[in-house]
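Read through the structures below before going on.
Two complexes are shown next, each including chain A; its partner changes from chain B in the first to chain C in the second.
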Partner chain A sequence: MHSFGYRANALLTFALTILALMCAMASLSDNLNSPSPSAEIQILNINWFQRHPDGNDEVSLTLNITADLQSLFTWNTKQVFVFVAAEYETPKNSLNQVSLWDGIIPAKEHAKFWIQTPNKYRLIDQGGNLRGKEFNFTLHWHVMPKTGKMFADKIVMSGYRLPEEYR
Partner chain B sequence: MDWQGQKLAEQLMQILLVAFAVVAFATGYTIGSFQTMILIYAGGVVLTTLVTVPNWPFFNRHPLKWLDPIEAEKHPKLQPQQPSSSSKKKSSKK
Partner chain C sequence: MGFVGETLDSLKRTQLRDALSQAISLGMIVTSALMIWKGLIYFTGSESPVVVVLSESMEPGFKRGDILFLHMNKDPIRTGEIVVFNIDGRDIPIVHRVIEVHEHGGTGEVDILTKGDNNDIDDRIMYAQGQHWLQQQHIIGRAVGHLPYVGYLTIIMTEKPIIKYILIGALGLFVLTSTE
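Right, the complex of A and B next:
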């Protein structure tokens, strides 16, 4: 500590060590938050449902997505990424996940929303298994923190069924 | 900066930084603003730099007191006793 340079160096090192510690504590404090998000999805319309020449089924839906994700936000949250996936089982694959819609929620004020939208990404099955198929909608989310650990979870909504006939 | 000043500067630096970190974290967590925490801490780091890095006069209150040159001349160093030691070395070599 005998010279300007040594003191500046010692201060910088100690200050950054403490900053790292504060960030770690901020990340740990996220564990104190116990979120209670809710979501609901309705199929408003089946726009069309057809078989491709190569044998794959594709369906176009109009969805009404209602969700309240405000409780996911803490002081250490940068943004939340959400996506809706259709999940179903086929003889070949025990779990098929097809992403239909996604969005980035930049702030807590926007975390309670409803949106009426056709599926943003195409729902195509690898094969012709969609007729009369029972499936789940799953709302997945990833909480992206300002610093530290990222959290991810989901809500599964079951009991949806596709029509028996192409249209 | 004298010895006591260096010790004071180091202690001041550590105490100030830790205190600002505690205040910043507590404030940020209470009002739920990460930005506030960073701003308070950044202010604290700047203040601590201004207090402890420059060589302020209050770090120089305990200067080292060297002996006067005249005082040193009054007490000359003792000369080593050459003859006895040299004879001992010669005998040991044999």
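Right, the complex of A and C next:
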């Protein structure tokens, strides 16, 4: 009855149950954190702005991104993935979201940052609608935990406009 | 004669009972595993609710051997979400992040572009020939939760099948020989 196999099985089951419970509690404890991140984005320069032969508009920007995401970090946070997307509406598409820049923040010490960068990914429209286009910048973050549930949210910054003329 | 026969009979009967109860407990294990899996499929709405990360393309967020819990609902796909998708002509689904979304006004159809966090360029080169965007039907789920290391056993078992047979054999032996 109390053979070696039986005891090993009981021990393993108990250990795994405790481990699963601890993982679940670590993940649940993330809900206690109520973060208050802040961000600001400026367009420093429109580098160029052109129409492709297939009729799609493309623009290249230089951005100034300032953000403080320190409050997102908890003891169960492995990293925070942060990215900036341009969001706009066109006659054809009810929503366009184009990621322009992203970064991985590995630790809380790096979560307050300031960066000047040209767009890392190309901002190409599905059509020729970018001239004089009003759009939003959204700074999204995706909290990736050591274990458990992932969290994501964003800050929307509106009132940006692309130039009227190609150059 | 009478005594010996009775003992033999009762022995046979208890052996039969033991064998039957073992078969039932084995069946219980198999069916409850199946029930949990099918239940997960139902509640998450994804045809494969748990996946093992096989590549390094999402490091350091997801490492090889981590498992991901998927969820699928009617909510539209948005940038930043980590989705699992199938490509026509490829067997293995891919876990990557959405970096671009274009949602068509009238139909509500979406064009999606993905990229692995650890890759330098977007995924367009590994889509099917002539495919520029993913559509809703390629997506089999979005990742909502993460558990490290647990999937490593499956990676080992697929790479070294001998370990799989040893494990299954040992488990089977354990179930058959245990009388608890």
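Basically, the second predicted complex is superposed on the first by the 166 of 167 C-alpha atoms of A that agree within 3 Å, B and C clash if a C-alpha of one lies under 4 Å from a C-alpha of the other, contacts with A are read in each partner's own complex, and residues count from 1 in each chain.
We adopt the following convention: contacts are C-beta pairs under 8 Å (C-beta built on N, C-alpha and C of every residue); 3 or more make two chains touch, one makes a residue touch a chain.
The model shown is predicted, which means the values in this text are computed figures rather than measured ones.
Residue contacts after overlaying the shared chain place A:A85 against chain C, while chain B stays out of touching range. Contact with neither chain B nor chain C is seen for A:W48 once the two complexes are overlaid on the shared chain. In the superposition on chain A, A:V98 makes contact with chain C only, not with chain B. Look at A:R7: by the touch rule set out above, it reaches chain B but stays clear of chain C.
Once the two complexes are laid over each other on the shared chain, residue contacts for A:M144 go to chain C alone; chain B is not touched. Looking at the superposed arrangement, the partner reaching more residues of chain A, out of chain B and chain C, is C.
Chain A residues in contact with chain B (one complex) as well as with chain C (other complex) are 1, 146-147.
Interface residues of chain A facing chain C in the complex, by the touch rule stated above, are 1, 5-6, 9, 23, 27, 78-79, 81, 83, 85, 91-99, 102, 104, 106, 121, 126, 140, 142, 144-150, 152, 154. Only residues 1, 6-7, 9-10, 13-14, 17-18, 21, 24-25, 28-29, 32-34, 37, 41, 45, 48-49, 52-55 of chain B touch chain A when the two sit together in their complex.
Remark: chain A residues 1-2, 4, 7-8, 10-11, 14-15, 18-19, 21-22, 25-26, 29, 74-76, 146-147 touch chain B in the complex. Residue ranges on chain C touching chain A, taken from their complex, read 60-62, 78-82, 97, 99-105, 108, 111, 115, 117, 122, 143-148, 174, 178, 180.
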